[in-house]
Amino acid sequence: MADHVYKKVELVGSSPNSVEAAIENAIAMAGKSIKNMDWFEVVGTRGHIQDGKIAHYQVELKVGFRVEG
Amino acid sequence: MADHVYKKVELVGSSPNSVEAAIENAIAMAGKSIKNMDWFEVVGTRGHIQDGKIAHYQVELKVGFRVEG
Amino acid sequence: MADHVYKKVELVGSSPNSVEAAIENAIAMAGKSIKNMDWFEVVGTRGHIQDGKIAHYQVELKVGFRVEG
Amino acid sequence: MADHVYKKVELVGSSPNSVEAAIENAIAMAGKSIKNMDWFEVVGTRGHIQDGKIAHYQVELKVGFRVEG
Amino acid sequence: MADHVYKKVELVGSSPNSVEAAIENAIAMAGKSIKNMDWFEVVGTRGHIQDGKIAHYQVELKVGFRVEG
Amino acid sequence: MADHVYKKVELVGSSPNSVEAAIENAIAMAGKSIKNMDWFEVVGTRGHIQDGKIAHYQVELKVGFRVEG
Amino acid sequence: MADHVYKKVELVGSSPNSVEAAIENAIAMAGKSIKNMDWFEVVGTRGHIQDGKIAHYQVELKVGFRVEG
Amino acid sequence: MADHVYKKVELVGSSPNSVEAAIENAIAMAGKSIKNMDWFEVVGTRGHIQDGKIAHYQVELKVGFRVEG
Amino acid sequence: MADHVYKKVELVGSSPNSVEAAIENAIAMAGKSIKNMDWFEVVGTRGHIQDGKIAHYQVELKVGFRVEG
Amino acid sequence: MADHVYKKVELVGSSPNSVEAAIENAIAMAGKSIKNMDWFEVVGTRGHIQDGKIAHYQVELKVGFRVEG
Amino acid sequence: MADHVYKKVELVGSSPNSVEAAIENAIAMAGKSIKNMDWFEVVGTRGHIQDGKIAHYQVELKVGFRVEG
Amino acid sequence: MADHVYKKVELVGSSPNSVEAAIENAIAMAGKSIKNMDWFEVVGTRGHIQDGKIAHYQVELKVGFRVEG
C-alpha cells in the first residue's frame, strides 16, 4: 500500500427495504463512474415516513477509493 | 412547503429482530398520537444482551412531523 | 429563578427569506400552545433548493420554556 | 421488555445547592405529568453567577419513559 | 423517490453582506456544473476581519443533488 | 443494581451479510471470555468493498458487562 | 505569514435585529482593545424570547488575531 | 440586555471534595480579576488518582462575563 | 515521565447517593486489579429512575494507568 | 477575495515516514488535477500496523480550492 | 477477512521528540502483550510543558487487533 | 496540587516545517507573557497551500497554566 492516496465521496442511498439495501444502492450507483472503491463509512441514517409508515431508509455514507497517479 | 413548522420528538424503539424493526415499532407507536409524520433520524443504536445473546435492539430516533397552525 | 424547571422542545422553522425569518416562524407557531418561552438554541441550518435557487431556509432549533409546578 | 417504545423529553433543572439537586428537581417536576419514567441522561451542566458566587446550578437532562400502547 | 441516490459536495461561499448571500453565492456557482440540486446543509460559519470590520462572511455548506443512473 | 460497577470493551465485528450479523459475531466472540454481558452500543458502521460490492460490514461497538467484586 | 502566532478569544454578541448584527457588535467591542483581528468563527447561535417574540439573537464566536512578538 | 457583549474564559478548578467545590474554586479565583461574571458552562470533568483514591476532581469550565464598552 | 505509556479502561460506576460516589465506586473496584492508576475522565452521566425518584446515578468514566514495560 | 466560492475534497494520504509526509503525498496527488488549492484541514489520523510496527501513517484531510466561475 | 472480530484498546504514548515517536512508543509497549495488531487511530494530542518548553508529546490512540476464536 | 486553578488560552501556531514546530512556535510566543504553563491540547491541524505545496502548517492548540491567587 506504498504511499497510496485515496479520495472519499459522500453519498446518500435510499431503499424502501433496509439499511443495508440503501447502502448497496449507493455503492452500485457509485461503481458506474468510480473504480477501485475500497471502503465505506456510514455517517447518518434517516428516512421518510408516509401515511405513518417508513417509505424509504436514507443512509448517508462516504465511499473511499484509490486514486491512480 | 411554504413556511411550514415541524416538531421533532425523540423515541427509542426496541425489537428482538433487527434495527429496522426497532425503528418501525417506534414509528408505529408514535403514529397512534401524531399525525403528519414526515421523516426520522437515527441518533443512536444500542441493545440489551442476555445469556450472551442479543435480547433486543434499541434504536434511538427523532421523528419529525408538520405542526398545523 | 429559584429551583425553576424548564422544558425544551425541538422545532424546524422554514422561510423563503432568511435564517432569522425561519426562526421567527417556528417561535410564532410554538407560542400558540406554549407559554413562558424563555430562550432558543439553533442546532442546525439546512434548506431546499429548487431550479438552482434556495426555495426555503430550514432552521432546526430548541425552544426552552418554564414549566409551572 | 418485549418491543417496548420509550419517549425522551429534554428538561433543565436548577438548584442553588448541587448538580444532584438540580437533577432531582427536574425529575420531581416531570413526575407530576409523566408516568413510567425509567432513566435520565445528563446532556449539559451550566449555572448562573451573581455577585461572584454560584446562584444556581442548571443541569440539562433527557428523561426516558415507557409509552403505553 | 424510489431508490434514488444522491451525492453531496462541500463548498464555501463568501459574501461581504450576509450569511444568506454567502450561501446563495455558493449555490449559484455550483449550479453552473451540477444539475438536480435538492438541498443544502450549513456545516460552519466563519469570516474575515479587516481594519476591525467584517470583510466577508464565509459559509461552509454541503449541497446534495440527485445522481442519474 | 446496588452500587454495581460495569466495564466496557470496544470491538469490531464483521459479516458479509448484515449490520446485525456483524454485531452478533462480535458479541458471540466476546462471550467466550466475558461473563455477565449486559448491553452494547454501536459507535460506528463501516465496510470493505471489493469488485464494486460490499465484501463485509464492519460494526464498531462497545460491550458493557458487570464486574464482580 | 512566516511563523506568525495567533490567539483566539471567545465572545458572545447580541442584537435584537439579526445574526449578522450580533456578530458585528461583538467584533466592534473586541476591536476597542484588540489589534490585528484576522478572522472569526461562529460556534453557537442562541437567543432570548420575551412575550413570545425574539428579544435578542446571541451569537457565540471566536475571534482570531495576530500576536506580535 | 440591549446589545451587550460577553467574553468567555476557560478555567480548570480543582478540589479534593466534589465537582461543585472544584467549580466554586475556579469561580472564586476568577472573581479576583473579572467583574460582571454572569454564567458558567462545564465542558469536562476529570481528576487525579493517587494510591487508588481520588486526589482531586478537576472541572473544566467556561465563565461568561459582560464586557463594558 | 520519560516515554511512559498509559492504558485507559472504560468503566461505569453506580451509586444511589451522588455523582462523586459513583465515580469512587468505579475507581475502588478498578483498583482491585489495576495498579498505578493516574487519572480519570468522565464521559457520561446517566441514571435509573424508579417510582419517580433517582434510584442510581451511573457515571461512565475512563481510568488511565501507567503500563510497566 | 470578493465573493469567491471554494470547494473542498476529502482525501487520505499515506506514508511510512511521518504525518507530514502523508499530508504532502495527498496534496501532491491532488495537485495533478486541481488548480488553485488554498488550504487543508486534517480530519483524522490513523495508520496500519504490521509485525508490531507502523507500516503507514494514514492522514484524512480536506483540501479547499477556489472555483473559477 | 471472513467474519473476523477485532478488539480496540486505548493507549497514551509519550515522547519528548515528536508525535510519531509517541505513537511508536505506545505501539511498541502494546506489542509486548498483544498479537495481531492491525491498525491505530489517533484520538487526541496533548503534551506537558516545563520551563516554557515542550517536555513530552502525549498522543492518545486506539489500537485494533484481531481476536482469535 | 491542592485546589489550584488553571486557565486555558487558545492559540494558533504556524511553521513551514512540521506540526511539532508549529506547536513549539505557539508555546514560545505564549511564554513571553504567560508564566507557569503546564500543558497543551491540540484542537485542530490545518495549513495553507501555495503553488501546490504546503506553505505553512497551522496548529490550533489550547495552553493551560496555573493561576496564582
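Should a chain be cited, it is by its letter among A, B, C, D, E, F, G, H, I, J, K and L, assigned in written order, with residues numbered from 1 in that chain.
Methods note: a residue touches a chain if its C-beta (ideal position, glycine included) is under 8 Å from a C-beta of that chain, and two chains touch if they have at least 3 such contacts.
Please read these numbers as outputs of a predicted model, since none were measured by experiment.
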Spell out the chains that contact chain C while also contacting chain J.
E
Along touching chains only, what is the step distance from chain E to chain J?
1
Copy-to-copy rotation for chain G and chain K - C-alpha atoms, rounded to a multiple of 5°
120
Just to confirm, which listed pair, A-F, A-B or F-I, duplicates the contacts seen in E-J for more than half of them?
F-I
Distance between the CA centroids of chain A and chain L (whole Å) is 38
Provide the C-alpha centroid distance between chain D and chain F, rounded to the nearest whole angstrom.
30
Multi-chain contacts only, two chains or more: what residues does chain G have there?
9-10, 18-19, 48
What pattern do the touching chains form: line, ring, star, complete or other?
other
When you check every pair of chains, which ones turn out to touch?
A-B, A-E, A-F, A-J, B-C, B-D, B-F, C-D, C-E, C-G, D-H, D-I, E-G, E-J, F-I, F-K, G-H, G-L, H-I, H-L, I-K, J-K, J-L, K-L
Sites on chain H touched by chain I in the complex:
18-19, 44-49, 52-54, 57
For chain E, which residues count as touching chain J in their complex?
9-16, 25-26, 29-30, 32, 48, 55-56, 60
Touching residues of chain L toward chain K in the complex: what are they?
18-20, 23-24, 27-28, 31, 37-42, 63
Chain I to chain K touching residues, read off their complex:
1-10, 62, 64, 67, 69
